[in-house]
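Read through the structures below before going on.
The two complexes that follow have chain A in common; it is paired with chain B in the first and with chain C in the second.
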Partner chain A sequence: MKRTFKAASVAAFLALLLVGVPSFISATGRSDLYYTLTSVALLSIVSAGVWITFYIGRINIGQGAFALLGGYASAILVTKYGVSFWLTLPFAGILCAFVSVLIGLPILRLRGVYFAMVTLTLTEVGRLLALALPITNGARGIVSIPLPGAITLFGVTLVPDFATLANPRLAFYLTAVVLMAVCFACLYRLVHSRVGRICQSLQQNEELASSIGVDIANMRILAYALSSFLGGIGGAMFAAISQSIYPSTFTIADSVNFMLNCFLGGLGHVLGPMLGTFVLYFGWDLLFQTGSFQLLIFSSILIALMLVLPNGLLSIRLRGQSQG
Partner chain B sequence: MEQVIVNGLYLGTQYALIALGLTLIFALMNVLNFAHGQMYVLGGFVTYTVYGQLGFPFAVALVCSGVTLAVLGALIEKFLFRPVIRRSVREESTMLLAAALAFFFDAAILLMFGEKQRGVPKIVNGIFLSDTIVMPYDRILIGVLAVVMIATFMLYMQYSRPGRAMRALAQDRVAAQLMGVNVDRYSMIGFALGAMLAGAVGGLLVTITGVNSGIGGPISIKAFLMVMIGGAGVVGGAIAGGFILGMMESVGLMVLSDFGDVTYLVIFVLLMIFLSIRPNGLMGKPWG
Partner chain C sequence: MADILEVSGLTKRFGGLVANNNISFNVRENEILSVIGPNGAGKSTLFKLIASFLAPTSGEVRLHGRRISGLAPHKVARMGVVRTFQETTVFKTMTVRDNIIVAHHLRSQASLAGFFFSTKTARDDEAKFARSADEIIDFLGLGHQRNEVASNLPHGHLRALGIAIGLATDPKVLLLDEPFAGMNHDETRRALEIVRGVRARGVTVLLVEHDMPAVMNISDRIVVVNFGQKIAEGTPTEIQENPEVIEAYLGAEDESIGI
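This part shows the complex of A and B:
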């Protein structure tokens, strides 16, 4: 009973995103919402990566570096070598996972605030590297990246060439939503598997976990690589949509925002990062009318939210459950 | 080369003061104060207003900076951090609060003081010249003031009653409470003291480098670097980290000037290597 209810609600949610939102937008003519929603979908993928590192008990403020790396990897391959975007997307993720294993081997030994500070500087390293390396074209960045091409399998066009579409925004929106759904489904599956429970044991007590025989070093690396993989994919997709990438595309403020998304949504639930990203991004957009007071009001609301709900938005529901 | 070393020492005194405040707050409350750089900027702007605009003596302005930030720090601890620490399940929640505070200060400073780079008249004129060293007198004065402040702070922590209470708190919060230390009160004093140090450095440095509303974030990052080098939560480590970073910056700017703006890239990479060998920094306690 509970299972069918869950499946039905997931299907309803997807139907709302894939059919409901586009028809609502075409009815009201607010096609700017496509860009906003696409960004929310992609940023929530990146935030989901941060969430995984939270799940093993590490505070990750370095996701911006991997998003930047993924974006640059895809952009360089597409513009300089003419590789199809759809091939560069997984490549960007795998490259980020690989780099994160190299970096993670030393720094994952750090805990708590130390790890947070090291990852924070990692974001800055990413930005400085993008500025200094010759292949990234410095501060001018890489611009006018071509739109993703078609995917054909045995002569059947699976995904049309984005450049020929009448409404590439809609196409990007659909791609991003599907990508998000896949990522979160995998994440849900992972968290509710044996590996997920082991990760949770790392979050609670690493020494205890290791004494029962969990290979904590490997688990940490695995989780961090997964986290960076999501960061790379999100970054690559983001570069494709904005058709440009600069060293300032993902900075420390973005890394902090990814962390805030997870916090705000709640660290106890898989959907936390998605909800957090949605609320933060839309809240920020809604406050645009307030002009120069935007950041002031935004941060005041954040502070107030922390005072009222220090454990995230999804903790409302959890508290209700435990009382009832 | 002597010039480079003197520059490094001078930078180091300023950096050490910034790192001291951050490490104090961390040691007492386990809070990573993201808003530290913003507090520094606010201190700079208070001195700019009192000394540069209203024309009071520099000493008055400096005291104003320190007091403003101390009061602000005490209020932030009492009304924001304390309730959140008490009620949240995970202690990392304070990082969100600190990050939100950093955004808040950024916005408030921008609204109050604008985005322009602000400077004040020199406090002392003239330049010290010898065969190998060129150093303006005001830099020497600021450097000496910073050293005096560091020494006062260390003596205060070592010998005064609040200082001893705070050290006990940093060592073991529960044990300190059992020994009759008023934990709430000394957390507040500690936070106020940390904020005051940030404000005072801001006031000192506005006479040399000026201040603008955008430098809060970068200053915070530098402070994090120093704390990581020295080890979080240790007074000696913060001072060592400050001097090491000041020296590296000064030397790096000279040695690496041919390769463009890569000094900080090199520092970051070195830090990563260093931390993989010594995860707790030079003098840090295991796992902070």
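This part shows the complex of A and C:
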């Protein structure tokens, strides 16, 4: 009963995103919403990565660096080497995972605020590298990235060339939603399998975890690599949609936002980063009319929310459940 | 009985402080051996050295003749030497049952990917762990708290849960760090039963403890440490009569060693 309810709500949610939203947009003509919603979907993937590091008890404020790395990797491969975007997408993720292993080996020994500080500087290092390296084209960035091409398998076109589509925005939106759905389905499975429990054991007490035989160094690296993988995927998609990438595409403010998304949505629930990203992104946009007070109001609301709901927005639902 | 663990010439220096100085003793298969000593004598350091949470400055610990000093703690745990913690260290937000289930880590046949994709091996593992966890819960009398979140447990039960987590790893040698600390008479009596029960499961028990009557009651042999040195080793009766031990506990010589 509970299972079928869950399956039904997932199906309903997907139907809403994949059918409901596009028909709403075509009815109202607000096609600008595509870009916004696509961004939310992609940023929630990137935030989901940060959520994984939270899940093993590490505060990660460096996700922007991996989003940037993923974006540049894909952009360079597509523009300079003419590689299909669809191949660069997983490559960007794997590259980020690989780099995060190298970086993680030394820094994952740090805990608490020390790890947070080091990761914070990572984003800045990423930005400075993007400015300095010849391959990234400095502050001018990489622009006019061609739209993703077609995917054909045995002569059957699975995904059409985005450039030939009447509405590439819709195509990007659908791609982003599918990616997000896959990402969160995997995350859900991870958390609800034994792997999740092992991550939790790390989060709660690393010494005890190692005394029951968990290779904590290995688990930390694995979690950080997964986290960065998602960062890279999200970044690469983002570059493809905006058809450009600059050193300032992902800055420290973005890294902090990825973390805030997790906090706001709830660290105790898989869907936390998705909800957090949605609320934060739209909340910011809704306050646009307040002009110069935008940041003040926005941050006050955030502080208030964290005081009232320290475990995130999704804790409301959980609390209701345990009472009922 | 054969020796399972050999501690030889174990020395640990922290800067100028010598926490353990050339400590040697053997642990016999399936015995209950206690390490006692006044506060600051170096007992906890000794425990950390044995479980390999610290690497010794010199000397070594061997399990069945194989050196375990210097290996990572999880590797030592895999070889069968598992410690519990002084504080009531458990996974606080998990239920009692989940605590014990997750502690079955070392018995997994399936890989992490296997658990992710829920392969046949992984499902078998899960079922096996659940059965074994229930058995351990019954063994330790935690049945009523089975689905209670660990942070809500009273002190005595937390300690039992700590032992349960240790047992779930299927250890050869279980190191109990002050299992009776802060317990009243009844709780201590129950805890003594539990430790005897652990030994009856074929586990060798090594414990650090302050509660002298409990130590005298339960130990097959006792090692006494003072100022980082081993000053005596023997049966409870031998230890009670040892003049050096009495000296070490000077000031409370009668009661504290349970004469």
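The rule is simple: the second predicted complex is superposed on the first by the 323 of 324 C-alpha atoms of A that agree within 3 Å, B and C clash if a C-alpha of one lies under 4 Å from a C-alpha of the other, contacts with A are read in each partner's own complex, and residues count from 1 in each chain.
What we mean here is this: a contact is a pair of C-beta atoms (placed from the backbone, for glycine too) under 8 Å apart; a residue touches a chain by one contact, two chains touch by 3 or more.
Bear in mind the structure is a predicted one, so any value in this text is a computation, not a measurement.
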With the two complexes superposed on chain A, say which partner A:R111 touches: chain B (first), chain C (second), both, or neither. first
Let me test your reading of the model: by the given contact rule, A:N205 touches which partner, first (chain B), second (chain C), both or neither? second
Touching partner for A:I216 - first (chain B), second (chain C), both, neither: second
Touching A:R194, do we find chain B (first), chain C (second), both, or neither? second
Name the contact category of A:I59: first (chain B only), second (chain C only), both, or neither. first
Max touched-residue count on chain A (chain B vs chain C) belongs to chain B
Touching partner for A:L128 - first (chain B), second (chain C), both, neither: first
What residues of chain C sit close enough to touch chain A in their complex? 51, 53, 72-74, 77-78, 82-85, 89-94, 98, 101-103, 105-106, 108, 112, 115-116, 118, 122, 125-126, 165-166, 168-169
In the complex, chain B touches chain A at residues 26, 30, 32, 34, 80, 83-84, 87-90, 92-93, 95-97, 99-101, 103-104, 106-108, 110-111, 217, 221, 224-225, 227-228, 232, 260-262, 264-265, 268-269, 271-273, 275-276, 279-281, 284, 287-288
Touching chain C in the complex, chain A uses residues 189-190, 193-195, 197-198, 200-201, 204-205, 207-208, 210-217, 222
Touching residues of chain A toward chain B in the complex: what are they? 54, 59, 103, 105-107, 109-114, 116-118, 120-122, 124-125, 128-129, 131-132, 252-253, 256, 259-260, 263-264, 267, 292-296, 298-300, 302-303, 306-307, 310-311
